[in-house]
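Heads up, the next two complexes both have chain A, just with different partners, chain B and then chain C.
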Partner chain A sequence: MKKFLLYIVLILGAVAFAYPFVWMMLASFKPELEIGGLTLLPSSWTLDSYRLVFESIPIVRAFLNSLIVVVAVTGSVLLFSSMIAYALSKLNWRGRETVFNTILFTMMVPGMVMLIPLYTLVVRFGWTDSLVGLIVPFLMNATAVLILRQSFLTIPGDILEAARIDGCGELRILFTIIWPLSIPAIVTAGIIVFIGNWNEVLWPIMVIRKEEWMTMPQMVALFSVGGGSFGKLGPQLAAAFMLGLPIIALFLFFQRYFISSMASSGLKG
Partner chain B sequence: MSTIAGNLAPGHRKNRIPRRRTAGRRIGYLFSAPYLIHLAIFFGYPLIFAFVLVFHRWDIVTPMEFIGLKNVIRLFQDDLFFRAILNTGLFLAIHIPLQILVALFFAELLNTKLKGRNFFRSIYFLPVVVSGVVVAILFQQLFAFETGYVNSLISAIGGKRIPWLVSPKWAMPSIALMATWKNVGFYIILFLTGLQNIPESMYEVAHLEGASTWQRWRYVTLPLLNPMMVTVVVLSTIGGFSLFIEPYVLTGGGPMHSTLSALLYIYNQAFYFNHMGYAAALGLFFALIIFVVVFVQRRFVEEDVY
Partner chain C sequence: MPSVALRGLRKVFDDGTVAVHGADISVEEGEFLVLVGPSGCGKSTTLRMIAGLETITEGSLYIDDHLVNDVAPKDRNIAMVFQNYALYPHMSVFDNMAFGLKLRKVPKHEIKERVDQAASILGLEDILERKPKALSGGQRQRVAVGRAIVRHPRVFLFDEPLSNLDAKLRVQMRMEISKLHRKLGATMIYVTHDQVEAMTMGDRIVVMKDGYIEQIDTPIDLYTQPVNRFVAGFIGSPAMNFMEGTLQQNGSLTFREADSGLSIVLSDERKSSLADYINLPITLGIRPEDISVARADSAENDSAVIELKVELLEPMGNEIILHASSNALEFVARVVPQELPDPGQNIRLAFARSKFHFFDHESGKSL
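Now for the complex of A and B:
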């Protein structure tokens, strides 16, 4: 009986969290006039909302822009963060502690302090209205360094020493010995950077004005706010659904990794 | 034994460490260089420049003009600055307690042996990974006054429609409600981790001493969960100050500035009025407020439980 009640409550909770997404998905296929109603299923399925989205904004272009930015940032973060994480965990050099403490300090400064000066810097470099302005400031990431360093510390030094005696270079040690032993940490860092960057919207709104360089969250937000959707509900939901779908699909495949990575990033912050 | 080890160790070091040190040093600098150069340009310089900007008037197009402390003085006379602080305070006052209650509730439920635990955990986590833009557009329609799903439901069961996003009284609470819905899955996981770290033996001892269920919860669970509680409060606070896309999409900061958030105000000053100096000053002062609030919270929350 007690178990039964427990399940009822848990299922009610699941409905509260999942139902709005299900509603959004189904409503995006409804005729515009039906969206305000209480029925869940469309009386007749229509692609009108999606047609209007594709006709009024270059959403495919925005998707590709987002993809380019996210892949470039995630790739760079993993490469350079593991290099410095390796130096911080497995090599002895003067200033190591200072560098590590500096990185910890950068994590404590709230983003809103940096926002405006960083923007003026990007303007000065002439990077507004270009993907460069969305990528370059985020090529490095302190959270990733912490996660990777923590994982690298657990690898015994003997293995590395043996590889060195065999004449293995440091870059090769990093990529052929350390990386295969740190896959969970790399996936964790990768997911955090990927999600954070994919969902980032304030920075693109600041840096990008031309439609052709907009990222997907930015374009969908402006489509809803800026009147591009002519106040129609269906197209807004359709655009939002297309924005959410890639992440939801990724999440369903890698949910275990997602949950543990986000939780660990929170605990570190 | 210790003397032998003590004699051996120095000789050992003499042979091996110096060679490794020099190699390690060179590679250490080399491997850190890209990160540190990037950090100097995209963190160090902006951080210093933030303090320069505070003393200047600058629209980014014409040359900077030194105005001394005018930005700071203006800040203390700016009703909207205080309004944004009050709004954030209201947001946090609703969001944090609600979030802790809901997260603790579901974490406790999930901290039992049951089938499908991972399934529920994932469903609760779903809104966390989805973009804030999606959630904002979704709730804009769910919370719409005439056609919104929530109000339709309320009036279908005979209730009175609630002016969720259109009344200055309701708008911020609505956004706090929405933010709780979006983030709570994350905090469920944090509390669940905390609960699972409490050793079973603690409960057994409490049980032997004749503690009631409530007493066990109050004197075992809650104190041992305290570090997690601090984390949750601090993270929610920082999250509250970085509120941007929800009011940007849902209300534009209105009605009557009731949802103007700290970040939205900085954004408006920089991009509607081109006041880069004043926007930078706002950023620094909001950050200062975050530090103070978090400091006070830590003291309060940590002392309160122990």
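Now for the complex of A and C:
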């Protein structure tokens, strides 16, 4: 009985979270007039909304821009953050704790505070209206450092010493020993960075003016609120749905690691 | 030419603790040297300095006459077996053993040859494809040893490799490592806190305490001629019995125990070596097997007979460990199986005079 109630609550929760998304997905296939109605399923399936999106904005270009930015950022974050995390967790050097605390401190500074100085920098470097301006400021990430450091700490030092005697340098230890043993943490950090970066709207809006360099969320936002959609709800929903697809695909693909990492984050070993 | 030479090797940690105070050890080619001592005595730190896993604060370390203080572990031509096996969890047994060879760019067919050879020595042929997770403790330890063998190193280092195994397996692995040493003829340095391992495996044993080397000797000499009270007490199980007292010369040379006033007449042979200690405090030591049950009728000229109360009997089958006491004095004796009085009753024990050890009360030095 207790279990039954628990499942009821869980189902209600799942519906509450999934409903808007499911509704958005189905509504994007409805004829424009039906969207305001109460039915969930369209009376007739149509791709009109999508056609309008593709006709009015270069969404494929925006998708590619986004993909380049997010892959570059995620790759770089994982590479550099794991190096930092390795140095912070497995190497002994003077000032290690101070550096770690400084990194933690940067997490406490609200992003908004950093926005203007960062923007000024990017302008001075002449990186506006280029993907470089979207990538470089996010090459490293304190959250990823924290996640990876905590995971690396659970790897016994003996293994690394054995590797050192076997002939590994520090970088090889990181990539041939530590990485394979930290896949859940790396996937988790990767997904968090990927999603955060994929959904970023404010920064691209500040840095990018030319349509050819716009990222997908930026373009979809401008399309929805900037009048590109002629006030039609269907195309807005279609664009938003396409924006969400990569995240869903990513999560479904890596969900096994993601969950195992979250579940074991409190357990040692 | 010693295979490994430590010259005044000293280790001071960042927090100021001195782990090793100037160790001087020469390990001969093909020797099995055991470092033994209680926890915190610096034996593991010494080994880790040899391996290159700890920096050397002071002193010199030579491997094959090359100064290697600043040489990276991988270039010292050593292999190490860790207490926790330290196998790579994501690699199969084969890959674990082959990893070091791959990094050294050994040709593939040679890697396979060497791994197969090590696997057959250690009986690992059937589990080469398994991951460490799927192995028992003994198998994991064998893989760890195999990983060291395939490298054909000049020196093998073992850091308490058997302490995570159960008693039976420990005895078995102990023999296997000894056999391996004979087979390979390689220099091996072995750290343990288990004096039985040290005594049974080592060609020579280094006894350490608080970062100092107390004695370096063969197992037998260590046992029969300990240089000080610590070594005498540490080597041997059950441990040597000690009594504090003074030496007196009234007719014959007599040891008088401090608290109980118990007197033991010593043999005259000791006169010369103990002459300087008359009327001074001194420690008398006797090993459990040098105490026997006194025969009632015969006069025991070469033994001092003392009447004690039986506290506890531990029959081991081949022998009985007898705990006896008198006032504050406690003794452990190892006697042959026989009818013995029950605990609480008195027993006359004979202490073999020729087997007494004497130690300076202050310094603990053997006299």
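The criterion applied here is as follows: the second predicted complex is superposed on the first by the 237 of 269 C-alpha atoms of A that agree within 3 Å, B and C clash if a C-alpha of one lies under 4 Å from a C-alpha of the other, contacts with A are read in each partner's own complex, and residues count from 1 in each chain.
Rule of thumb we're sticking to: a residue touches a chain if its C-beta (ideal position, glycine included) is under 8 Å from a C-beta of that chain, and two chains touch if they have at least 3 such contacts.
None of these values were measured; they are calculated from a predicted model.
Of the two partner chains placed by the overlay, only chain B lies in contact with A:L38; chain C stays clear of it.
Contacts of A:L202 after superposition on the shared chain: chain B is touched, whereas chain C is not.
In the superposition on chain A, A:V99 contacts chain B only, with no contact to chain C. Residue contacts after overlaying the shared chain place A:T154 against neither chain B nor chain C. Of the two partner chains placed by the overlay, only chain C lies in contact with A:L181; chain B stays clear of it.
A count of residues in chain A touched by chain B and by chain C gives the higher number to B. Across the two superposed structures, the residue set of chain A contacted by chain B and also by chain C is 164.
Taken together, the chain C residues at the contact with chain A in this complex read 51-53, 72-74, 78-80, 82-90, 99-100, 103-104, 147, 151. Residues of chain A touching chain C in their complex: 156, 158-159, 161-168, 172, 177, 180-181. Contact residues on chain B toward chain A in their complex (touch as defined above): 20-21, 24-25, 27-29, 31-32, 34-36, 38-39, 41-43, 45-47, 49-50, 53, 58, 60, 106, 109-110, 112, 114, 118-134, 136-142, 144, 146-149, 152-153, 156, 181, 185-186, 189-190, 193, 231, 235, 238, 241-242, 244-245, 248-249, 252, 262-263, 266-267, 270-271, 276, 279-280, 282-284, 286-287, 290.
On chain A, the positions that touch chain B within their shared complex are 3, 6-7, 9-10, 13-14, 16-18, 20-21, 23-24, 27, 35-38, 80-81, 83-84, 86-88, 91-94, 96, 99, 102-103, 106, 109-121, 123, 136-137, 139-140, 145, 164, 170, 195, 198-199, 201-202, 205-206, 217, 220-221, 224-225, 233, 236-237, 239-241, 243-244, 247-248, 251-252, 255-256, 258-259, 262-263, 266-267, 269.
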